[in-house]
């Protein structure tokens, strides 16, 4: 196996506040190979988005990298200079955000917002960059791109805006695309189109994807491997197929059970989808021991007193005292 | 600046001003009006007269203590008037809509269009100088902000169906206004009123300067400052102390307003006006 | 002839300069005076404005038939060379100047005076100066629209004018007032006079920036030879005393009017104290008692108040010596003023005794209406309150706007009010305020009535002999002082500060800002361009 | 653009009419005679007979509604009436004051924008830093100052002590005379703008699209230049408009202090002389200016913010 494109090793992200310091993300490690697709799943607030931001080098106070390494294409970037990080962003890593309404500058034509990429990273002139922006729009299948480049974001639909975001993120053929909940804010019908578009373009350009979502189904569909995060820790990581078939962690099981599955509907009859009871604890109030213990259906005393270690399991890993 | 600091500093300054006003008869050394003794006229600060004496030989420190009552009264009463007018108009306009809403929004535009100092000036010119006219002039002229906030809140609650629901439960209009809507806008209202108080105290000084402020027998800070302006060089203490009293009180109110806004009205970062 | 005249003038200047040889007036330069009373000028058409502020400019641009000579303390002829009154004292024949030119180059004649006075009497316009011209026979008919011409004004020839009066009064008191200036008909009829005033004065109009200043230039054909000295005159509006203080110290203005506080500061300043001009103006400040309020009907009560107030202390401490203590109704500059008059002594015990005799051993209470004026308003009242409290009199101050003060006084709605009363320059008019036939709306605000005074006053009014009239007025004035219909406070001391390079200012008791700019000159030290 | 203008005018005209009615009513109940016995200097006395005649001449004894109808009728033809004091048309009185007033207002606003927006920006780019603290303390102090007091201090400092600038007056209308009054007038809006700008920039800096811009690998300087500036501007423009519009009215104190021949000083002067038509005229002028500026601001929005054009 060749060296991975991205290797995150024992990443800790700290949150400074009110004179105290908390670990918002702890002990996170994963790898993504070239052209590979990797999914990071969890409820909101579990730390997946800030993990992505850390990879981008976009953490801002009060958040910061505590320890650990982020290696991109053989280069350690967790301590890279701001200038180096800027070079990497856009050219080597692109990112798509959740809210296409607010992720685009409302006062700037979309064409220009794409063109900026070429000006920034490929020293193109503005007119040249605008031409290429038009091409980029065409690639993401925006109809009549020659007109659309002059449109402002508010003149586009949500799906169109997200296409623009994809065009921006992929403009400079990055090695890695980070997609943070790219379809959450969109209509269900549009979601599939966007996902397909992303997958297709990435495949064409050989771009690896780090997909972040609360939707296990979506991620499993698109990615080869999936990691599940809970309360700042990766609790389970497996191949996409396996995680559905044999979820090892009670939290993953909960996620899987909460998914509507067409095939199994008849088997379960009219039984309602199961939800995981309770809420994700806040960073300042992580419980001791296993952080999932207050919500876990199979909790025992040890869960409350000791944090479980990572157990390697064939192709994956799990962090649970009672993994099966 | 952290909100905590500004609330604390502002709150303390305002608390001092209020304390001075409330306890004026106990902390003042002499009577601010009757203890005129021309033999002591215009003495610089000393142990006997900590802030010096004025042209009539009265203790400036004592006058400032009593002046706090007047300046704060002007601020508080005028802002209560403004809030009452603004909230009443805003609530009813948002609630009943129709022609009444048009009338109220017309009035609001009107109040915004006439700078409040100009309006107050006109009212003072008509009513003549004095505490009551001043409170009227300042209390009638800047209610447009509270009116807008009240109206917007009603409309947003209306759109969320609260009002409809309350009606179905058989609540009367005013009951809904005061139990459902008012508590929601109390925060922003307090902020506006706090900042408005500072504005009112400054407006009092400006009107005094123009010759239309409060006049004694009881001293207001604005009139003390304004009257002493000829003597900045000859007798600086006449103006320095009332000037500082105004500055720190208004500063305190502004800081407190800022701090309260962060606490009570967090989403209005950009509404800072 | 002309040459001879100027030679004489030069000789006179030379003589005048003997005492201070270095004071040969310099020609040229700019005079920068201030107009301190309001933030603008009302109008530059002198007939339309009664304001002291506007007259500051009028003195430069315009001329009136008479002028006030501050050195002599009397009225002098300005546009006439001589005047001859008739036997009955009703008809005056003026020999007018034949060398007075308007700024448009035309020579002034008797027609201009007749036209100007007739214009003032235009009843449809209500010119404020009408009250002065009304003393001329037939003027009121013009005002009522019953006549086109004032019958009492007759042109004998271009430079001889005959004026017939309705009563035996000195016309000088009317026709030295700035709003009776002589204007050129043709310029007024152009319809834009207020924006382009053309007059007889030593300076001709150049520019008016409303709210800021009036600029005038030297008029070469002015009738006083060799005058004016300065090339340019600026009258700068500066109503705000604190700002005026800065500007004066910063040498941006040549004259400034001082309030009490600044008077003290300037007197104590080693440099500024050399540039202070003081004069007792013809204003008597007083608390006017309404004699229909019962306690004030008693002379002893009124005297008691005069004894109970430490007037000297108030003047010294509060007014900062910027006033002369009033020792009668007439001001110091009046010829009928009794120089031996003694003020009421500060004597609270005597006051208490007088009150007890009058039936008020425990005092009484009255309402004192006052404006906010710093020299004759609330601050004074605040000082009086504790003093009268010591003799048992409780004073309740009632604050009103300056502008409604006279309304209240005229209607007699006051129990007492404090104000400033114009008491000159005509002593007869001034004394009329206590004549029982004078209505309250005119100026008898006390409602005073005393047969002894009436007798003295009527005799004075009907006497032709100036000396006798003067004597009677003096007696009347002294009687009033003893009767104390008012609390005699002070005569205003007007104080004008001037820069060391300004010369030729007059201590004008009618209004200190009214200077004759043709006499003023600036020496080379002036920083003005 | 035109649509906005028309919609705006539909708003302006009723407001203007309401102001006219309000002002007229207010001054019709003025107690005391309009030309009183005493002048501002407490001196010359006007003959009561003259006053009586003038009241008649000016129709002051007519019923209120008649006078109002007449007044509005005249206004429609651009006639603001005749000044009681100078007997000149009020339009003329005001006309000469407008230019100095505009100069002062524009200069003050230029100062306020230049200093206020700069301070606000610097503060927002480094929140919590020394410059942030200093700027915000300056701003909040500026809001707590009594205007005439500040003006007087400027006079003492720059005119008397340092002798750099003239202390008062219009001079030749040049910049030297303008600086001190403009600063005295501009300090309030400056403080407000500093605070608004800071808040607005902070708002924008936290916006999602700024994160997007950063994810593009843009330097902070470019992020600010390309994405923050304009968005913050939209938020600041509202405050600029409101402040700007009311500045002509706020200038009364500064104009009086510095003997500046503007509309404000004419108004104060007229108030004291009970010159009702002139006061009414001044208020109308001030209101008109406010409405005009705010219309311009609305139009400016159309230029700055593409959402307005269609939305």
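Assorted remarks:
Think of it as A, B, C and D in the order they're written, each chain with its own count starting at 1.
Quick note on the criterion: contacts are C-beta pairs under 8 Å (C-beta built on N, C-alpha and C of every residue); 3 or more make two chains touch, one makes a residue touch a chain.
The UniProt protein names, listed by chain, are A = ABC transporter ATP-binding protein; D = Glutathione transport system permease protein GsiC.
Small disclaimer: the values here were computed from a predicted structure and weren't measured.
Judged by contacting C-beta pairs, the busier of the interfaces A-D and C-D is C-D. Of all chains, the one whose CA centroid is most distant from that of subunit A is C. The most central chain, judged by the distance from its Cα centroid to the centroid of all protein Cα atoms shown, is D. Averaged C-alpha coordinates give centres for subunit A and subunit B that are 52 Å from one another.
Centroids of subunit C and subunit D (each the mean of its C-alpha atoms) stand 39 Å apart. Averaged Cα coordinates give subunit B a centre that lies 44 Å from the centre of subunit C. The multi-chain contact residues of subunit D, meaning those touching 2 or more other chains, are 31, 152, 156, 256-257, 268, 272. Listed for subunit A are no residues, as none touches two or more other chains. The set of subunit B residues touching two or more other chains comprises 128, 211, 229, 232. Applying the touch criterion to all chain pairs gives A-D, B-C, B-D, C-D. By the touch criterion given at the top, residues 1, 106-107, 109-110, 112-115, 117-118, 121-123, 125-126, 128, 198, 202, 205-206, 209-212, 222, 225-226, 229, 232, 239, 243, 246-248, 250-251, 254-255, 258, 269-270, 272-273 of subunit B touch subunit D in their complex.
Residues 56, 58, 85-91, 94-95, 97, 99, 102-108, 116-117, 120-121, 152, 154-155, 165, 168-169 of subunit A are the ones touching subunit D in the complex.
If you check the complex, the residues on subunit D that touch subunit C are 31-33, 36-48, 50-51, 53-54, 57, 85-88, 93, 96-97, 100, 152, 155-156, 159-160, 163, 166-170, 255-262, 265-266, 268-269, 272-274. For subunit C in complex with subunit B, the residues that touch the partner chain are 241-242, 245, 259-262, 264-265, 268, 310, 313-314, 316-318, 372, 374, 378-379, 382-383, 385-386, 389, 397, 399-401. Interface residues of subunit B facing subunit C in the complex, by the touch rule stated above, are 33-39, 41, 55-57, 128-130, 211, 215-217, 227, 229-235.
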